[in-house]
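Each of the next two complexes has subunit A plus one more chain, namely subunit B in the first and subunit C in the second.
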Partner chain A sequence: MAMKSALSRLSVVRSMESTRGATRYLSDGKGRILSEEERAAETIYIQKMERERMEKLKQKAEKEKAEKEKESADKIFRLVIEPDMGSKIAYSAEVSFDSGPRYVGHMRTKLHSVDSAMATAKPRLSSFSRNLAAVPAPQTPGLKCGPNGTTFVSSGIPDLDKILGGGFPLGSLVMVMEDAEAPHHMLLLRNFMSQGLVHNQPLLYASPSKDPRSFLGTLPSPTSSKDDKSRHSDSEQDKGLRIAWQYKKYMGEHHQNFDGNRSSGADDKQVFCNDFDLRKPLERHYFSGQRVDCVGIQDSTKLVALRDHCATFLAQFSRSDRTEGSSSCAGRIAIQSLCAPQCEHSNMEWDMLSFIKSLKGKLRSSNTVAVITFPPSLLSPSSSKRWQHMADTLLSVGAIPDEDKELARLLSGYQDMVGLLNVHKVARINTQVPVILEATTFSIKLHKRRFLTLECLNQAPVDGSSGSSYGTSGGCSGSSKTLDF
Partner chain B sequence: MAETICRTLRDGGLEGEHAPALTIKDSVASPFGLDVFAYVLTQLSNYILAGKSQSRGLVIVAFSRSPSFYVNLLKERGIDVNSSHKWVRILDCYTDPFGWKELLNVKEVSQETSTLSSFCNDVRDLEKLYSSIIVQGKGLIGQGKGHFSVAIDLVSEMLRHASISSVGKLLSNLRSHDQVSSIFWLLHSDLHEVRVTTVLEYLSSMVASLEPINRTTIGRKGDSGNLSLLEQNFRKGKFHVRFKRRNGRVRVMCEELHVELSGINFTSVSSEDGIINQRLLPKVQFNLQLSEKEQTERAKVVLPFEHQGNGKPIQIYDGRRSLSENKNEETLVSTAKLQTDEDTGKGEIIYFRDSDDEMPDSDEDPDDDLDI
Partner chain C sequence: MNDNQSLNLLDRALGLEQQSRPWPLSGRVVLIEDRVETTASFVLHQLIKRSLPPNSSNVVVFVAFANPFSHYDRVLRKLGCNLVTQRDNNRFFFFDMLMLQCPDGDEGKSKVGLVSLYEKIHKTISSLPEDKKSYVTVMIDDISLMEVAANGASDYVLDFLHYCHALTSEFGCSLVALNHEDIYSNTETPTFILQIEYLADILIKAEPLATGLAADVHGQLTVLNKATSHGLGSSRNKVYNFHFKVKENSVEYFYPGSRG
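Right after this comes the complex of A and B.
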């Protein structure tokens, strides 16, 4: 774990070092009055721009470095302390040591001043900052490195990945609480399973039905990228900022096109998370062969058969071996309706609980994600609470009433909604810092009846004449109609 | 609305989908479950006879009434019984549930029902029950890809002899069987724990529950006002149905039912405030996203200094020209439009100078140096 994070941080720093050599610093320490240009250089806009450019360069360099890093034998960990925004002096300290037990530290300090010509002011980012711009692992498109040494796999739903901060972390247990009245958990499961198959990750699927393999016929297929363009533009409207700025005319070579969107990576052949078209079934070749294992859990008492299947499946992805190939392989387990009433074990609550506990323990030491869905209303309340506590990531789906006029007035987009998704818990592995989401309830919509999207619940525009608002957050709309001076 | 139920049962399920399942739930406060069951049964039989339904036959699993009851019921409702062996079979779990009479070699056979009914001797063995239901159904359909419907008289009786998980297994296997087009069953909800009722509701796609018109406490005695209300409960009731639709939404409907000699009548509810959906609605936010139209509008907005830095000569406004301000900020406001936006054009600001000594610069509109 620590090695991996050391590696990623290392490559970041290395690139910065290479560019640092190129800068010219007029170390002027005299404290002269800055001209307008130089003042402009210090404004936040410039530095933001610079930072963005630096990141782009960094990412490019990283990719190259990551290739080279594989060959290099010794691992050097460097740490650079960065200037903070307002000051003109920057300290940098470098500490390097080998991967062996020996600790060789040499400190080098340099002083730089930042009030230089604007073209050369390149503030660097602290390597302590939370590297939220995730670096894609070069070889495997299905995995993404996240903070704190975790690796994410996609859930199959782009919106859900965003909400959860990257996806499902490997080694975590995701539980989805079903609603007895709606089949939305199947949508989540389908996308999850399809995403795994598309990324060539082996899958174990268990279900209480008599013929689990027939469910594979309902898995959706990823759409072609042509259809994605219209949806990508939504997410990028806030990236392409147009800034009207008075000093822009001085910024000759920095006159950048702020509207330039980052390439969405749609030209990559394999993206981290695909959009799945729920109306198109997944091609058969994806689940032929040994990649998918289906288990029926109806008949096994005490879940013995399922436990054995899981154990053999998880043994393939053990994290303890450090070979190169193992990190590229991840597995997925999907268990549907674990406590469904038609299973014989459904009233053996302690057995089910011990199964989950043993599964979770094995998961932690393997590169797999498990998704378990269960209807909490069929368990006793204490048991249901225990199950919820076992989960690393806890979601729940809910049904919405049909043709409900009150809901239609309250929420915009009610017509397209098929259900609600609540995020109760988000997995945080290797850290104590919790995730606090802005919104925990999302509406499940089927965009064009094919794509699953999750949206925040938005209040419908209140009709001014009725003057009634529903007492939720927006109180200003509809209250006063004219402004009087 | 009861029509809706019957129509859903008639239409059956799509290919690859589980068959629609109806739970009729009653209690001692409103004990019309069997009447509703009979109503649904006759409606479905009519549809089957008329050929309008997906299923071509009906298998009745009789636990609480004898087969002759059903034959008489069908006769009363005007359905032709003579040809009934072509489309209905009754699995008799009423006469001899544990096989005692067979042990004692007592045989009771009545003429009419013998062709229709077959005995089930051990209701505790649900596997066997399942297979006999399927066998009966296939016997009705014959070879080929037909469908049949299943009606289970009283699931509460089944639950007396078997555990809920085995009953659940039976029901879900029936639902997922290819040739079963629809299934419905009756349940007395006050005979069971809450969990049992939840399990059965989980397994069904429609839940019809019967509730009394007037909720009165049954313990009071000698209260004449209450008696008349109680009496009403035995003639009328409320019929709530929750449909689980395919798209995942739940439709809730309500009707009143009246029991008469000839059967049961459903009327729509006269004055209804609407079922109070006490759902805890989560916090909603204002929509800060822009629709397509709004995005194109925003792209068209001319911002002040945008055109500078392009290499063209820069003209800075020096306060002499009048600018046609083009700032169209409305596209950036959330879609919950404030009424105040429309009023800004109407107000006027009238300003009198305090003294003539003021520098003329202070008169300038600070927005003047924006260069568009």
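Right after this comes the complex of A and C.
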């Protein structure tokens, strides 16, 4: 038993060493948290080191086992007796490491357990991706089957798709509450529209601006699949936990399953959700065709023009209840700032409400997703609540103040944040179960100043003295808007 | 009536455990209120299921402003109730009002307004055989969308609800309606919601927890069961309070703190 305790002590020491090592890598001595690239590089380094060490140990174990199989019996006895001399426990443990087959055996069982863990992890992994694998490949690119007979289209932001459980379901109404002073909703709108154009889905865009069509020139362009791939492996490394190396060899195939529809396809057309480079404008040929309809809503009284446009647009995609799911094509409607003050209808709240209601009613029986952005502060409180109730998926975006010292101290990665995204409601079509997310507040960041990414808020470590950034990073903000932890 | 075991806290709070009458809610008005954060549509679904037990002849008249039939059909099928069959058996009447728009002003004259909707409901109920009439449940999902359909003319909506209330005394049927509480909480004189609350015999409120939503607790229900005029017993209001967790095939109700 003493032997056992010595061994466990040894392993404890070892694990302490390894964690200390890891934290040292992470916290840069002075407690400063490293930037993401640096951290990624270090994660790779740590992974390499760990792998090498494990490899070495394994080899050693094999060799020793082969050599000392026969001559071991007496030594075991001696080793078992030896540790009784209290103060020498650690030392004897070292001895046992050198020559004791018992330890070797222990080591081997350890390795074995790792292997078995991997073996058990494998079916779990596959069951995790079952939903995607079991679903037959969609006939149309850009559509994905979801639960309860719904079909998803992508929001144009890979992270948002993941957060919402697949994307925007067809037939749903998505509302984005704008920050009245910041244009963050445009980021969501642009990606949503671009994704639709890339998938060759017809688009209806309505905006209060004088020349809505000019907005198309600001749409971001999808990255080529090669860039795409490198970026994904990058981010994968980035996020890789320190233990993830164990599953490394399973990562490849898992990826092909999981991301098969995303990065392995050489052709852009096969991708469900592209990454959009915000610096590159969308090529003209995407929106030069007849598929894009632009409407100005500034001076249409009582929204009649928009209503007509929506009706004719939705008529292309109507489905009867019977043919649900056999959707061949999907459409997208993007309406920007529906209640903008420059519009004539902006003070006719009931007209806007009845427009939304009729739009929603028609959406439900068509293969279309509509995204409406609106600044809730411009509506009366009760009206704004009504709008929120009508939304199937309700998001809100907000800017973060530039020099908010308190927030900067509270959140890690504050410097890279562009804004915050709140998820208030996730569409519940054909089900009564609400979607409860782990976190509802996400930070909007620009990866390499090009790609829009969403991340959970990470609480910054206090003073960085403990260096336990991994321990506390789980603490994401709750459901409230104010960042209370 | 062997399903006494399957009655949950909400059923008990609604008084559904009473065996004396075939449909305990008959003659009563149930109002369900919810918020943006917590939807209470699951209460409606449960009441549909309770109103349509397999070996009875109860009837549900459903006025839908929020979702198409396919949605309710899918949800209820998971709860173990086939709405298509019930519809074919004339036990479930579905009025799809998703596209209803009544221009304000000429309410009485137009053929698509709330008046004609009420006439349709009335006709449906009175065409039922005599023994079924008192086991009818009229359900409205939801009142705030009805207001939108009436273009903000809440008086028409109130009139409609009063008419429906009259049905409960005329035929002895029950009325169940869903509304959103937070829409009215900001107005200075929330006359509209107060009037509806006054009509209601049973008020069910769904609220999020103060500590936010969790995966195990989706919110809390407060059920206010107003005095029954039928019994001779005590006439004080009863308040029930419990938490719930919504699942696909059922809803779990439990007292606060009784779940780890």
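The rule is short, and it goes like this: the second predicted complex is superposed on the first by the 281 of 485 C-alpha atoms of A that agree within 3 Å, B and C clash if a C-alpha of one lies under 4 Å from a C-alpha of the other, contacts with A are read in each partner's own complex, and residues count from 1 in each chain.
Note that a residue touches a chain if its C-beta (ideal position, glycine included) is under 8 Å from a C-beta of that chain, and two chains touch if they have at least 3 such contacts.
These figures come from a predicted structure and were not determined experimentally.
Enquirer: Return first, second, both or neither, reflecting whether A:Thr431 touches subunit B, subunit C, both chains, or no partner chain.
Expert: A:Thr431: touches subunit C, not subunit B.
Enquirer: After the superposition on A, what does A:Gln388 contact: first (subunit B), second (subunit C), both or neither?
Expert: A:Gln388: touches subunit C, not subunit B.
Enquirer: Classify the contacts of A:Lys362 with the two partner chains as first (subunit B alone), second (subunit C alone), both, or neither.
Expert: After superposing on A, A:Lys362 lies in contact with subunit C but is clear of subunit B.
Enquirer: Should A:Leu353 be classified as contacting the first partner (subunit B), the second (subunit C), both, or neither?
Expert: A:Leu353: touches subunit C, not subunit B.
Enquirer: Determine, under the contact definition given at the top, whether A:Gln47 touches first (subunit B), second (subunit C), both, or neither.
Expert: neither
Enquirer: Using the touch definition from the top, say if A:Gly149 reaches subunit B (first), subunit C (second), both or neither.
Expert: So A:Gly149 only meets subunit C here.
Enquirer: Does the superposition put A:Asn200 against subunit B (first), subunit C (second), both, or neither?
Expert: neither
Enquirer: Once chain A of both complexes is superposed, is A:Ser209 in touch with subunit B (first), subunit C (second), both, or neither?
Expert: first
Enquirer: Using the superposition described at the top, determine whether subunit B or subunit C touches more residues of subunit A.
Expert: Between subunit B and subunit C, the winner on subunit A residue contacts is B.
Enquirer: Jot down the residues of subunit A that show up as touching in both complexes, subunit B in one and subunit C in the other.
Expert: On subunit A, the residues that contact subunit B in one structure and subunit C in the other are 380, 478, 480.
Enquirer: Quick check: in the complex, which residue numbers of subunit C touch subunit A?
Expert: 36-39, 41-42, 45, 67-71, 74-75, 78, 98-99, 101, 144-145, 148-149, 151-152, 180, 182-184, 186-187, 208, 211-215, 218, 246-248
Enquirer: What does subunit A use to touch subunit C in their complex?
Expert: Per the touch definition, subunit A meets subunit C at residues 148-149, 321, 324, 349-351, 353-354, 357-358, 360-362, 364-365, 380-382, 385-386, 388-390, 394, 424-425, 428-434, 436, 478-480.
Enquirer: Would you pull the subunit B residues touching subunit A in the complex into a rising list?
Expert: Interface residues on the subunit B side: 16, 163-166, 168-169, 171-173, 176, 195, 198-199, 201-203, 242-245, 247-252, 277, 279, 281-287, 289-290, 295, 303-306, 308-310, 314, 335-340, 343-344, 347, 349.
Enquirer: Considering the complex alone, what residue numbers of subunit A touch subunit B?
Expert: Answer in residue numbers: 180-184, 208-210, 214, 217-218, 233-234, 237, 242, 244-246, 248-252, 255, 298, 340-344, 346-347, 375, 377-378, 380, 399-404, 406-407, 410-412, 418-420, 422, 439-441, 444, 456-459, 461-462, 464, 472-474, 476-478, 480-483, 485.
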